[in-house]
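As written, the chains take the letters A, B, C and D, and residue 1 is the first residue of each chain.
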Amino acid sequence: MSSKVKFVQGNEACVEGALYAGLEFFAGYPITPSTEIAEHLATRLPRQGGKFIQMEDEIASMCAIIGASLTGCKVMTATSGPGFSLKQEALGYAVMAEIPCVVVSVMRGGPSTGIPTHVSQGDVNQARWGTHGDHSIICMTASNNQDVFALTVEAFNLAETYRTPVILLLDEIVGHMREKLDLPEPGEVSLVGRLRTSVKEGVNYHPYLPREDGRLPMSDFGGVHRYNVTGLFHDMWGFPTDNPTAVRELLRHLVDKIEINASQICKYKEFFLEDAECVLVSYGSSARSALHLVEERRALGDKYGLLELQTLWPFPETVVREKCARAKHIVVVEMNMGQIMQQVKLAVDKPDRVYLVNRYDGVLITPHDIMNILRLIQGKGV
Amino acid sequence: MSSKVKFVQGNEACVEGALYAGLEFFAGYPITPSTEIAEHLATRLPRQGGKFIQMEDEIASMCAIIGASLTGCKVMTATSGPGFSLKQEALGYAVMAEIPCVVVSVMRGGPSTGIPTHVSQGDVNQARWGTHGDHSIICMTASNNQDVFALTVEAFNLAETYRTPVILLLDEIVGHMREKLDLPEPGEVSLVGRLRTSVKEGVNYHPYLPREDGRLPMSDFGGVHRYNVTGLFHDMWGFPTDNPTAVRELLRHLVDKIEINASQICKYKEFFLEDAECVLVSYGSSARSALHLVEERRALGDKYGLLELQTLWPFPETVVREKCARAKHIVVVEMNMGQIMQQVKLAVDKPDRVYLVNRYDGVLITPHDIMNILRLIQGKGV
Amino acid sequence: MSSKVKFVQGNEACVEGALYAGLEFFAGYPITPSTEIAEHLATRLPRQGGKFIQMEDEIASMCAIIGASLTGCKVMTATSGPGFSLKQEALGYAVMAEIPCVVVSVMRGGPSTGIPTHVSQGDVNQARWGTHGDHSIICMTASNNQDVFALTVEAFNLAETYRTPVILLLDEIVGHMREKLDLPEPGEVSLVGRLRTSVKEGVNYHPYLPREDGRLPMSDFGGVHRYNVTGLFHDMWGFPTDNPTAVRELLRHLVDKIEINASQICKYKEFFLEDAECVLVSYGSSARSALHLVEERRALGDKYGLLELQTLWPFPETVVREKCARAKHIVVVEMNMGQIMQQVKLAVDKPDRVYLVNRYDGVLITPHDIMNILRLIQGKGV
Amino acid sequence: MSSKVKFVQGNEACVEGALYAGLEFFAGYPITPSTEIAEHLATRLPRQGGKFIQMEDEIASMCAIIGASLTGCKVMTATSGPGFSLKQEALGYAVMAEIPCVVVSVMRGGPSTGIPTHVSQGDVNQARWGTHGDHSIICMTASNNQDVFALTVEAFNLAETYRTPVILLLDEIVGHMREKLDLPEPGEVSLVGRLRTSVKEGVNYHPYLPREDGRLPMSDFGGVHRYNVTGLFHDMWGFPTDNPTAVRELLRHLVDKIEINASQICKYKEFFLEDAECVLVSYGSSARSALHLVEERRALGDKYGLLELQTLWPFPETVVREKCARAKHIVVVEMNMGQIMQQVKLAVDKPDRVYLVNRYDGVLITPHDIMNILRLIQGKGV
């Protein structure tokens, strides 16, 4: 840890990001392909004065970090598809009770236990809609170790800023692939700390009364203020209510604090988009193949470009619409049956120009795979 | 109970449908607003020779019906949002292992514990995407007791036909409202029984080898054949495989057995659509208000029509596109933030003509609410 | 031959058609996969009083039928790709000298000797452009034995009507597949005989002076009239000229006699086109797979249709444009790299909607192959 | 001949180019209007140590240069339409067996023997599609002696680089017109030599295994390695195969080695295109008239421009689309019935803006002819 450059797996880059961001409490239950996150934190986190606990299951892990976050800690858990399914009910509680936490899910093939050791990007829609009821959520992803690090830090920052669970949705290739990671110095990347209330002990504290800027200062649970935290619709004191106006306003608040700030939240990278006639939209490890292809075709004079999404939810609708406005073909490259493709169709002006280039057999989609399908889309046959 | 006409709650109509369809095993855990289903079945099912068991929680209930289905029983569980979230992991197992079962979820307000005793239609997307991984699923809904009965029977038929979990997604108003139910005679509605293998004892049985028509005959677990059932990707014997071709083909099979048969599976009702210029698309209790409004406006000479969806998933894309082809305004009426509205936008030729008329404060949307918003959509102001 | 129904290969159906049409002289050189045509004619033709000769090579075969045609016989040769390449120079002579003849080419994989025993549709553009210089030509194809028979008869009729070589371009699957052939009675299908001049012996006969209807009566060479036949541009007596007006008019005549009559010449079949949103355009054996798929999808409620081309050249531009006018996707199914696809693009109003579904590895494209590529084209991914 | 500037026919410029490029073996059979090429080489080539042979016919000439090329020589043949038709079968062999050779065809009027001593550009499509089966080919042309020289050299370079026949398609006017030719010094224009294998004698040499860059090193036939050369589909040792994957990959290789490098291969000249509203597209001698007209109209202030194509195949689709993107009228000037016009239609975004200005009576199209037709196109009447 004294050297600045490391050669690590993506899961370790995530660990480095979490530690850099100030992680204080991690609870989890091992599951391939996320296990290395827990494994490395088990050693590293206590050395930095944090707590690591392996819980009896996935549900307990989620509940533990929710509790720890309420007491004032920066918290995280890590899992994969089946575990992520089990966490959905408690995740909804964190959404409703506005509890900052980072949930890493390293995707493998699904549904069910699926193919544990192979890559997939099949949990994108689950990250958005896995828990019941209308809500909004933040979900980030990355395609290389440097970005895994950066987005893990960002996930903590966003969780604290918006008092919300943030999903970091990696995939098996990104999690397990080893490549260089250049660690920034402490202070080089700015961190968002817990926003604590300035209300003094003995004075009325309204845990669910947003400030003018929409943010809700917290008070460490078990500290100087006593207050209610519930998964039911609630008023500014945290007490249950079924008053229609209160219900409506709380739901709008939960959704708007994220959707209204979408342009601040959404991160993406672009490559050769200025004059691109064929725009590839991708994310995670499939974006690596997409970029490779784009560079290859540019060398041949073809006007290909890549929009790499790093924020999946809230879906970066405006960015996608604008970047694809002049494209003749908009091609979503992903390793599932078209989950982000549907969002792209909803975002762009001409949905008929949106195509899916995909693979979902546990094998990384290659630049060659992409090109083969592109030929068909461009009407050129096999 | 000897008389053919009853005056019952929607939850009881569901019970009647399940019994008519041949339910043999129910496991559940009580949760508002679905509790009456368990309550009535606790008395009625044993009298018909079936088994009723209240399990220790929602996960156990889901697992119990999966096991019972494998032994050859027609099975069901019932729950609401939070319980439905907990069931997602086991639900994915049923999808992967192709286990027929009916899961009723009576929607209340969410996310989290939300508003237990009030109406919502906020779990539509969760029914589709709650469990991880690409998959397909069947989800039905209804707006009145007669249809609740009919669609409960249909849910069992579809579960057996396609060897898949079928979600019956009711809402609190439909579940709790009392109205007339006219019970058909036994034999009046045709039932689909378990498709059992004709392979004899001692002969090789391939549990996961589809017949030419795509269906997979089952063998009662614990009976004459020994075979493997797993949530992992598997071969025709049910044994795990990560062979890319096998993975791809199993996933395609799981999805195609439903998507390809969408036109057979999809049920809907239409009212005044022939010449409608303003097409309302709705489902569940909000469709009652929509229908009321349409009839009111027709009496005034306005060309309003209603497409009431009874199948939500697979989304009846073709029906929606065709029925909305000539509409100037396509208005989705639902009690959430626009979950079905997005699907309608994806289905129709001119997404710009799709509008959302909704409410999500726990109160039933009224014809008056709809009309107020319609005026705005039609450019007539408040 | 006394029975009306036969169970034969496509190549035999072609033989039956030629005999029915009145074939009197066949010269050829055996080449897979056309050999059965020569083989059966070697026995059958002499029995009907015709002449069969196996020449020393492909060029000689072509020259022999040209000579025989000039003497007044209905003539044919049969070959495959490499032989068809060798015949191109003499074929141009027949075009220029306006000599009725039928040239069958049963396509195998190319270029060069390629894969002699496997299917391909790679010689479509060669049939149009294989010989040098601007010209027009008639080229027919068929997908089943009954049509092979009918179109062979039609090929002879067109050759005589327009005094032109007619190419019958079959493919290996069609040539070798055995299926039922229902033979019409003599007289049931009308035949076009040689149009002979009414000019008497001793009176000036202008061999290259078209009648008002554009047709040129012939005089059996070696008979009562002496005249010149040349591959050079010529005047109405058949003597060479380089007068620009004469050159221009002869070339226009050669092209217009076919292009202007395209609507009379062009044959096609249509299946479910009235309301088709996805129009498949195909021909030969690939049209069999296309039809199978269309019927399969119609049964599922999808609006697929098939336009089966039987005339490839002159390209049935008007038919294609009209039949595809309302289609969202126009999909050319062929077993080459897109030769007819380019013509479809040139014919339709919206070339961007034209896609290619193909295969060129010597294996018949299957309905499943087509569907897999259609999914990609429709933006649905693999 | 010692002086650097010569006053020669185009056919002689071609001879100079071939000698400069390192021609070592020429086989041919005389045919107007290409005869001067053979005539001059008969004297010149032996003096440089090369071999000249007049064969018994066109087919033999083509076969001779194929054999000589395999032994390691740079080779060429020259012909015109009828001879080019005869060469098509052997040309396909050179395509399949990947044998570098240059085939000059000096176009006269066709079809058939046509008008031997007059100009035409009617063999453009034959150069692409004359031999059977899917394939790709390189075809260059030129409009003046300096370019004939340069493109002859380039033809040899491309033949060696891509192991393919290269067609040099001149026309009678260009071949016979005398004008200045400024000969470059040896070394001034870079030459591509034969890429020979570095595999030693006695070590396994795979004649058809492409290197990573797609090129296939050759071994002089009759030298240290024994290997098979065939026109059948073959594996990396050159032995026949009908394995579908091998067939598909070889065909893709044959096509892609050319199509993928289209932007490197394609040569063109542009005149006044920056702001041209009326873009003329032409090649060969007709481009001379087109350029004359463009310069004349520019002097009058009209925004005319010329795109002169030097590579006809692979068709320079990207160049044409880009250069014509802003044009109101795109006018193809050629001396045939619109062969390149069809390709331009396929390439540009708005095919409706493409017009044909042509002549096919054996007389060179004049600037005046072009202007007369342009007036009509521009709606100005005759």
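The rule we apply is simple: a residue touches a chain if its C-beta (ideal position, glycine included) is under 8 Å from a C-beta of that chain, and two chains touch if they have at least 3 such contacts.
Since the model is a prediction, treat every value here as computed from it, not as a measurement.
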item	value
Cα-superposition angle relating the copies chain C and chain B, to nearest 5°	95
Chain centre separation in whole Å, for chain C relative to chain B (CA means)	55
Distance between the centres, which are taken as Cα means, of chain D and chain B, whole angstrom	65
Computed distance of Cα centres, chain C from chain A, in Å	61
Gap in Å, rounded to a whole number, between the CA centres of chain B and chain A	30
For chain C, residues that touch 2 or more chains besides their own	337, 345, 360, 382
Topology of the chain contact graph, where touching chains are joined (line, ring, star, complete, other)	other
Chains that touch, pairwise	A-B, A-C, A-D, B-C, C-D
Of chain C, residues touching chain A in the complex	337-338, 341, 345, 352, 354-360, 373, 376-377, 379-382
Touching residues (chain side chain C, partner chain B) in the complex	300-302, 382
Touch list for chain A against partner chain B, complex	81-82, 84-86, 88-89, 92-93, 95-97, 109-118, 120, 122-123, 125-126, 128-135, 230-233, 242, 244-245, 247-248, 251, 254-255, 336-337, 339, 342, 345-346, 351, 360-363
Touching residues on chain D, where the partner in the complex is chain A	248, 260-261, 263, 318
